[in-house]
Structures are given as C-alpha cells and as structure tokens.
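So, here come the structures, one by one.
Note that chain A is present in both complexes that follow, paired respectively with chain B and with chain C.
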Partner chain A sequence: MRALRPWLWLLPAGCIVVPLFFLPVLFMIRNSFWRDDPVRFIVPDFTFANYITVLSDGYYLKVFGNSLALAALVALIALVMAYPYAQLITVASERTRLILLWVLCLPLYVSIIMRVFGWIIIIGDTGLLNQLLLKAGLVAKPVRILFEFEGMVIGMLHRYFPLMALPLLSSLQKIDPALLRGSVNLGAGRVRTWCCIVLPLSIPGAVAGTQLVFAGVLSDYVIPMLMGSTRYPTSAPTIFLEASTNASWAKAGAMGIVLLGLVLLINIAAGSLIARAAPWTGKA
Partner chain B sequence: MNDFLARLPRLLLNGYGLLVTAFILLPMALPVAVAFTSGDSLTFPPHGLSLRWFAAALDNAQFMTGLRLSLVIAFGSTVIATVAGICAGVAISRYRFRGRGMVQAVLLAPLALPAIVLGLGLLFVLPWFGLRSGVVATMLGHALLGLPYVLSMVLAAFSNYDPALERASLNLGAGPVRTFFYVTLPLVRGGILAGALAAFLLSFDNISLSIFLSNNDTLPLRMMQQMQSYADPSVAALSTLLLIVSLGALLVIVPYLRQQAGKRPG
Partner chain C sequence: MTPTAEPAELMLREVRKSYDGYLAVDRCSISLAKGEIVAILGPSGCGKSTLLNLIAGFETPDTGDVMLRGNIINTVAPNRRNVAMVFQNYALFPHMTVAGNIAYGLKARGVPKAEWRPRVAEAIALLNLTGFDERYPAQLSGGQRQRVAVARAIVVNPDILLLDEAFSALDRNLRDRMQLELSLLLRRLAVTTIIVTHDQHEAFALADRIAIMKEGRIVQIGPPKDVYHSPADSYVLRFLGRANAIPGTAIDHDGGSAIRVTEGFAVPTAAAAEGPSVIHVRAEDVAVSATPTATHRHSAARVVLVTSLGAQQRVILDLDGAQIVAEIPTSSISDWSSLQSGMPVYIDLRPGSFIVDRKGAS
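Let's turn to the complex of A and B:
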C-alpha cells in the first residue's frame, strides 16, 4: 500500500500527460505512415512514402533547410549579443543589476502580438527606421525589412533573446571570483583570463541557451506568420498549411515527426556537449 | 568577478548595455505611444493625441468575447496544471520510488515538444474523448503546456523545504490531510504561485496550439486576425490596456513572492 502512494500523487499529472501528450505523439507517428486520400482524407496504410516525399522533394527540403538556417543564425546572433550583456549584469551595481534583470524578464510578460506590433512600427516600410534613414539621406527609398527574411530574424531575436541571456547569466554568476583573482595574480592578462576561465566555465549556460533558442526558432509559428515572407517558408507554418489548407494529414504528420526528430537531436547534442565540455555539471 | 572585470573598458560595455536594453524595450514601448494617436496609421511619432483607439478596442465585440474566452481558458488551464503540478511535485520530492527520475523527465518533456506537432496530434485525439475544438479542448491543451512550468517551480520550492516540519505536525497530532494543507502547502506557496503565474501567462498568450484547438476565437488569435486584415492602432490600444493590467498584477505578486522566499526556513 505504501509503495502505491507516490503513484496516487502522480495520478492527476498522468491524467493530463497520457491523453494529451503521449496519445497525440503516437497519433502523429501513426498518421505519418498512413496515406492521404483525396476523398477519404487519410486512410490506414503502412508506407514510407510521406517520409520519402518530405525528405527528398526540393520544396520540403528547402522548408526544413530554411528553418535550420534561420535557427542557427538567430542562435548565433543571440549568443554573441548575450555574452557582453550577461557579463555586464554580473559586474553592475546592485541597482543596475536589478533594472537589467527586469528588462530581460519583461518581454516574458508582454504578449507576442504587442511585440510584433512594436516591430511593425519600427521596421515597417513607413516605420521609424526608414523615416530616419530617409531623413539622413542614407537611402533614396524605404528599405524593405518587414515581411522579409531580415524582419523574421529581428522578430525571432527579440522573442528568444531572454532564453539565451538567462541561462548564460546563471552560468556566469556561478563562477567563483577567487578563480579570476588567482588567474590575474598568477600573471594572466584580462583577455587570457576571460578566454581560459570565464569562457570554459560558462559553456553550460551558453549551450543551454543555444539549445532553447534553436529549438524555439525551429518550430516557431507566430513570427514567420506575422513578420516573415512567403518566399522564405519555414517549418511550422508549412506544416499548418499542409494540414489545414491542403488537408494532407499524413504528409503533415511526417513533417511534424521530422521536426520533432530535429528538436530531440538538438537536445541530445546539447546534453552530450555539456557533459563533455563541462563534466563538473554532471551528477556528482 | 567584480575587481577583475572592473578594469574592462566599462564605458564600452555600458554603452552596449544601453543599446541592447533599447532593443528589448523599444518594441514594447512604441505600441503604447501609438495607441494614443488620433490618426489612423501605425506610424511613430503619433499624429496628435486621442483615446479613440482605446474606445475602438473596447467597442470591438470580437476583442471582448475573445478576452472573456481567453480569461476562462487561462484560468481553467492554470487550475488544472497547478493541481496536477503540486501533486506530481509531492510525489517526486517527498517519495523515493523506482522510475522517479523517468517520471520527472516525462512530465517535463512537453517543454521540448513543438506546439505544432502537439496541436496536430491532439486534433486526432479529441474525437476519442468525444471532444471537439472549443473552450474545453483549448483549456486541456494549455494545461499540458503549463504543467512542466508549475512542476519545476514546485520542485524548486520543495528543494529548500524541511521535511522535519511535516513530521513535527504529524507527531503533534495533526492528521495527514491537515498537515498537507496547513504545513506542506504554505511552505511551497511561493513556488506554486510562480508556477501558476507562468502557466496563466503561457495560456493567455498562446497562439500556436490555439490555432488547432479553439475556433479561432481566443484573444491572441482575434488580435492576430485584426493585425493581418486592418492594421489599425486598436491592437496597440488593447495591448496597452493588457500590459497595464499584467504589470499591475506583477507589482502585487512579486513583493509577495519575495516575502515568501524570505520566510523560507533554512
């Protein structure tokens, strides 16, 4: 009887996770092996045809390639942007640190619609940025950023920057100041100390942040829909289009499973990278 | 760290910090300014001051029904996720049993699942339970998204929790039920509140799951439709009102959370 107790406590969560998490994933896997039918929508089958289409057709390969390239680019920019910012927070005075932390967390409380709206005001064709550029005489006609690849990058960067900066910050804050004093006392310069001590010790945060940003961008639906271009299709909107407009449930299933596979692969890669580059974080 | 990095070119670093801060804050501040425009366009600076777009937003029947619906969905899914998250937190942190690590990993796994995959799969699961797209389906889907957040916050709260207090309560004659409600729960109250807050915000702002589970009538979807078809400042006005409400709520909750954290034993 005693042994059953924890499982009783787990019952409510199980009632959510089993029907709403396991079953949908199983259904997606099943769908991906079924066949789309013009009359009966989706019919039972066991075929790899959907996967073959998704992984060999130029259009679908381009969609996944686009998403991967976008995710890699946004993650890289976010990483480079977040390092000095997180470092600044660690060295700032108590008051500044609190303000900067608030700034970093504020976007998490503001709706994504409002943030996209803000970017439309800034980078739209008649937006603030174009007004300034035109007035300064730097360009003759408005630069098109919104509804282009660039606009999507900016929107994604704004949406996912906190997910990069926060884990990085927590890694940087854990570094023992004595190590840095020791390094400087032993004659290493600032650059060398940063490269040989701060950088390696912050790898767990950097990898965790990169993983969160990469996976987030890869499967994001809202930003491509509201800020992107149809000439640069990405995975999530394309899957939605396949399922809703084209009613190709089986193909959408295969695309979804490929996307899920990519996300899992990234998580596994990040996990093993942390285990290798920062063995001290493992279970001791 | 301080004495070492204090010697870095601080001016450069500070300037950079200001730049990134502007990058983060500007897109959230500009809609507030544009909401007060008297013109019809989304340009900044606004043409004259007026409250007409606030009136337009509050008069928009689609916004108001969407708001009501989103509040119901967010509230319901938060309650479900919080109850399930607390119970799972108790199981994982208060008991040692086989498969404990696995259970924790499984309950946190929805974090990694792309919403688009989940939504598409749920469309096929719903008929099994006699459900169709709508309030209940959306509420359940959002509850799944909120669960990992509540669970991780509750687990964090339990990690600085002294089980001796629970034993003391039991030894002093309080039954297990009373002990749970009067000792265990109050001690992890901060974690529960933080988790519930995250679950509520997640549901209230959700788009990628709602496009599958709702009838395209939740508030974020209504705002998205408005933006795609009209592009007038009413979305900015409504966002500004919501921002004021959520920041107000935050100003009440955060000091409370801090007070709870301060009270925590040990």
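Let's turn to the complex of A and C:
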C-alpha cells in the first residue's frame, strides 16, 4: 500500500489521460491491424497489409516525407529566429523583457482560426502585402503565398515559434553570468564567449524546442488545411481524409501509428543527440 | 607616489567609483610590487569587490587611474588585460573538462596547440589534478574545483592574479589546507596577487600586506602583524579579532588622562580624551587576575562563564553590568580555582593594546 501512495498523485491526471488518450491510442493500434471492408466498415482480421501499404506506397511515403521536410524546415527557421530573440530577452531591461515575452506568448492566447484570418488579410492574393508590392511596382502580378507551401510555413512558424523560443530562453537564462565574465577574464572576446560558452550551454534548450516544434508540425492538421496547398499533402490532413472520406479506419490507424512512431523516434534521437553534444548534462 | 626605480606592477591611484549616487570605492590608492600578495579585507558592502572589478576591467573608474607597470589601463577591455581571476564560486565552464577549462585562456589568447598542451599538462601537475583531465566540473570535489579554477587562472601567466572570496565555498579544514598550498604556490611562481576576502584568517594566511577597507576607503594597509598589533583606529581593531567595547568616562589622572570604567578601575591613556568614552580592546589583551591589579583596585568583576577554545580559555566577565570577554592562553593558567562561575576577579588591559573613542564616535 505504501509503495502505491506516490502514484496516487497521478490519479487526477490519469482520470483524463487514460480514457481520453491511452484508450483511443490502443483502439487505433488495434484498428491498424484489422482490415478495411467496403461493406462491413472494419473487420477484425489480423493483417500487416495496412502497414505494408502505408510504408511502401509512393503516395503515402511522399506524404510522410513532405511532413518530415516541412517539420525540419520550420524547426530550423524557428531555431535561427529564436536565438537572437531569446538572447535579446536575456539582456533587455525589465520593461522591455516583459513586452518581448508578452509578444512571444501572444500567439498562444489567440485562437488559431483568428490567426489564420489575420494571415489571409496580410498574405492573401489581394492582401496587404501584395497590394503594397503592386503599388510599389515591385511585382507585376500578386505573389502567391497563401494556399501554397510558403503560406503553410509562415502559419507553422507563427504557431510554433513560442515552443522553440521558450525552452531556449529558459536555458539561456540558466547560464550563470559569472561564466561569461570568466570567459572574458580569460581573454575571450564576445564572439568566442558566445560560441564557446553560450551556444553549447543552450543546446539542451535548443534541442527541447526543436523536439516540440518538430512534433507539432509533423502532426498539425489545421495549418495545412487552412493555409496550405493540396499539391503539398502532409500527414495529418491525409490521415483525416483516409478516415473520413475514404472510410479506411484501419489504414488511417496504421498511418497514425507510423506518425506516432516517427515522433517517438525523433524524441529518442534528440535524447541521444543531447547525450552526445552535451555530455556534461548527464554527469553529476 | 612612492619613489621607486621601476613603476609598480599594479597601482591604483585615487580610484573612485559610484553607482547611482552610492560611492562604492572612494579615492583608493594601493601599489603592489612584482610578486607581492596583498589581501583586501573588509565586511561585505565595503567596496572590495568593486575594487577587484576595476582591476579586472569589468568596471571603469569614475576618476583616478588603474595602472599596470606604469601604463594606465582604465578603459582597456577585460579580455585585453592580462589579469586572471579566481571567482567566488569558481565559474568553471560546466560543459568543458578540467583540461578544457584550463586550456580555455590559452586558446583565447591564440596560443598554438603545440604550445598550450604542455602548459596545460604542467598546470594540471602543479595543482595535483593529474588523472582528472577528462572529468567535468560536476564530477569534482570542492577542493578539486578550486584547484581547477586556480590552474585555469595561472596557466595564462597573468600579470595580476585576483582571488575573489576564493575559499568561501570550502569547509574549514580543507580551506586551511588549500590556503597553505596556494600561499606556497603563489610565492614559488612569484605571481602578483590581490585577494579579496571578508575572512581575516584567509588574509593573514596568504598575504604579505593587508589592506583594511571601510565604506569604500582603505583605512589601513601594512604587513599583517602591523595591522593587527597597531590598528589605525578602533574599526580596524574591532575587525581583526574578538574585541570588547567597554564604556567609561575620561578623567584627569596623575597629570595625564585615564578612562574610568568603574569606581576603582581606571585605565591610563596616552591620548587626550574627554567625556563619555569607549575603550576598544581585544579579548586576548584583557588580563584576568585573582588579586587587584594596578588599574583595577577594588569592586571586582565576576566570572560568568568559562569556555575552552583549546589553546585558549574564553572567560566571560560581568563588570557592573557590562559584559567583558577575555581570552587567556590555556598554558598560562596556574590557578583554575579562581576561574569558576561567580568568582570575583580583577582585570587589566595590556598597555598600548586598546583604543579609546569618544562615545558614539564609532
């Protein structure tokens, strides 16, 4: 009984997570090994066929490849943008820091739909940006951004940037200022101090942010649907399409599990990346 | 400025630094010869850390000069000064090994690998860190971390070595051992060193000269025994050692003056004194006797408590309501029976060992 006591703390969270997350995932795993049937919907007929299709058919492979490439690109851009932003927050005055933090977190407070509408006004064919470009005579006809790959990337960046910047900020703030003084005192200039002290010590935050952004983009449904192009299909809308329009719950389940596996794999890879790139974190 | 043939290795000339109207360092002057070790001693907030930051280059003086071998370096960037610092909590780079930490300063100076490798190895051997090269700071003990911090600083052959409360993180025994070790090492290498500390034992264990700071100013500087035995004022006396503040009144006495503490206990003083006064005297300069003394003739003090400090006995006395602490060498006590709680004793202050202030002056 005493051994069980610590686990009691998990009860409230468990009441939600177990029935609403673990059980559906278990159903999905089960479904993924069953067979879609045009008449009887889904039949309990154990088979690997769904996985074989999903992992060998060129279309599905392309969908997963698209998602991975998109996630990698968004994570990379977010990382490059987040470093200067987070660094600025660490050196800013109290007042400026609060404003920058507020701006950073703002996308988390505003509904995704509202944000997409905002982007439509800005980057749509007749939007603000194109009108300015046309007026300035820089382009002859509107640049197509919305409902293209580019629009999707912008939407993803807007949605997931805080998830990159916040962990990064946290690890930058944890760096003891004495280390920077120590570095300077030993003869290092600003550039060397940043490259040799700040950058390596912020790796755990950068990896954590990359993991969050990667996983988020990989399984994002709303942004590709509202801002993307059907010429660049990604995994989450495709899974939805399989399940709803094609009524292929088994295949959709298999795709979902593959996606889950990808995220899991990426997290494991990130863990071993930290162990290799930041070996000091595990030592005590 | 002292007339020397060569300019001092390090010299501060009338250095002043204030923050938002608060004067942290007020016209401090100090000069160090090559290889000299000077300790700056004072309570927290006295400006000693600011002084160190001015020398390291993390701060720029408002007025006055910081000079290295005669060259004014007031505005030279900290990374362009050859001044190495051992930080209070060492500031070791957690993501670098011992060897990486020690090599850092040499790499930053652009020393080629063929040259820095043997120098790092030498520093590792010098500080008894052999075999720990590839450890990370988190895997080291407190003493080892301090050795790494020292190795990292001295490996660059600094003109000036700065130690900022470098022993405060160590426990007592280890601290004593490290102080002895470092004191020998610094003399062997003849590194010009400034130690900043609030711990008088550390200052006395390491330094050739000690500067006592108070509210941004250096109130006294000199060899440890001079500073200890001839304190410039009651502040220095009280800061070094366990001191009593005995209230009394100035009176005329045999043509000179004396401070009367109680009826029948008047301490003659060379300095002119007037009105209500305070006698500052260290516990070890209070003599305790079972019989009346030259200055303490009647109405004895009473022993309240005797505690043993090992080599010394600390005797807490009550003198007409005033508490006086005396420390007597254990080996000098022949009559223990008079050192019992409640026993009457007479006290005497070692001539020249005390400082008299006007009441309320300090």
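In this section, the second predicted complex is superposed on the first by the 261 of 284 C-alpha atoms of A that agree within 3 Å, B and C clash if a C-alpha of one lies under 4 Å from a C-alpha of the other, contacts with A are read in each partner's own complex, and residues count from 1 in each chain.
One rule holds for everything that comes next: a residue touches a chain if its C-beta (ideal position, glycine included) is under 8 Å from a C-beta of that chain, and two chains touch if they have at least 3 such contacts.
None of these values were measured; they are calculated from a predicted model.
Engineer: Would you check which partner chain A:280 touches, where first means chain B only, second means chain C only, and both and neither mean what they say?
Structural biologist: A:280 sits against chain C, while chain B stays out of touch.
Engineer: Does the superposition put A:201 against chain B (first), chain C (second), both, or neither?
Structural biologist: second
Engineer: Between chain B (first) and chain C (second), which, if any, makes contact with A:192: first, second, both or neither?
Structural biologist: The second partner, chain C, only.
Engineer: So, does A:184 touch the first partner chain B, the second partner chain C, both, or neither?
Structural biologist: Once the two structures are laid over each other on A, A:184 reaches both partners.
Engineer: Is A:263 contacted by the first partner chain B, the second partner chain C, both or neither?
Structural biologist: first
Engineer: Scan A:115 for contacts with chain B and chain C and give back first, second, both or neither.
Structural biologist: First partner only.
Engineer: Of the two partners chain B and chain C, which one touches more residues belonging to chain A?
Structural biologist: The partner with more contacted residues on chain A is B.
Engineer: In the superposed arrangement, does A:6 touch chain B (first), chain C (second), both or neither?
Structural biologist: So A:6 only meets chain B here.
Engineer: Applying the touch criterion given at the start, work out whether A:84 contacts chain B, chain C, both or neither, answering first, second, both or neither.
Structural biologist: Once the two structures are laid over each other on A, A:84 reaches chain B alone.
Engineer: Can you list the residues of chain A that touch chain B in one structure and chain C in the other?
Structural biologist: Chain A residues touching both partners: 181, 184.
Engineer: Along chain B, where are the residues that touch chain A in the complex?
Structural biologist: Contact set of chain B toward chain A: 1-8, 13-14, 16-17, 20-21, 23-31, 34, 41-44, 80-81, 83-85, 87-88, 90-92, 94-95, 97, 100, 103, 106-107, 109-110, 112-118, 120-125, 128-129, 140-141, 143-144, 147, 151, 201, 204-205, 207-208, 211, 220, 223-224, 227-228, 231, 235-236, 239-240, 242-243, 246-247, 250.
Engineer: Quick check: in the complex, which residue numbers of chain A touch chain B?
Structural biologist: Within the complex, chain A contacts chain B at residues 3, 5-7, 9-13, 15-17, 19-21, 23-28, 31, 81, 84-85, 87-88, 90-92, 100, 103-104, 106-122, 124, 126-128, 131, 158, 161, 172, 175, 177, 180-181, 184, 190, 193, 215, 218-222, 225-226, 235-236, 239-240, 243, 249, 252-253, 256-257, 259-260, 263-264, 267.
Engineer: Under the definition above, what is the set of chain C residues touching chain A in their complex?
Structural biologist: Interface residues on chain C, with respect to chain A: 56, 58, 77-80, 82-85, 87-89, 91-96, 104-105, 108-109, 136-139, 152-153, 156.
Engineer: Show which residues of chain A lie in contact with chain C when the two form their complex.
Structural biologist: Per the stated touch rule, the residues are 176, 178-179, 181-189, 192, 196-197, 200-201, 278-280, 283-284.
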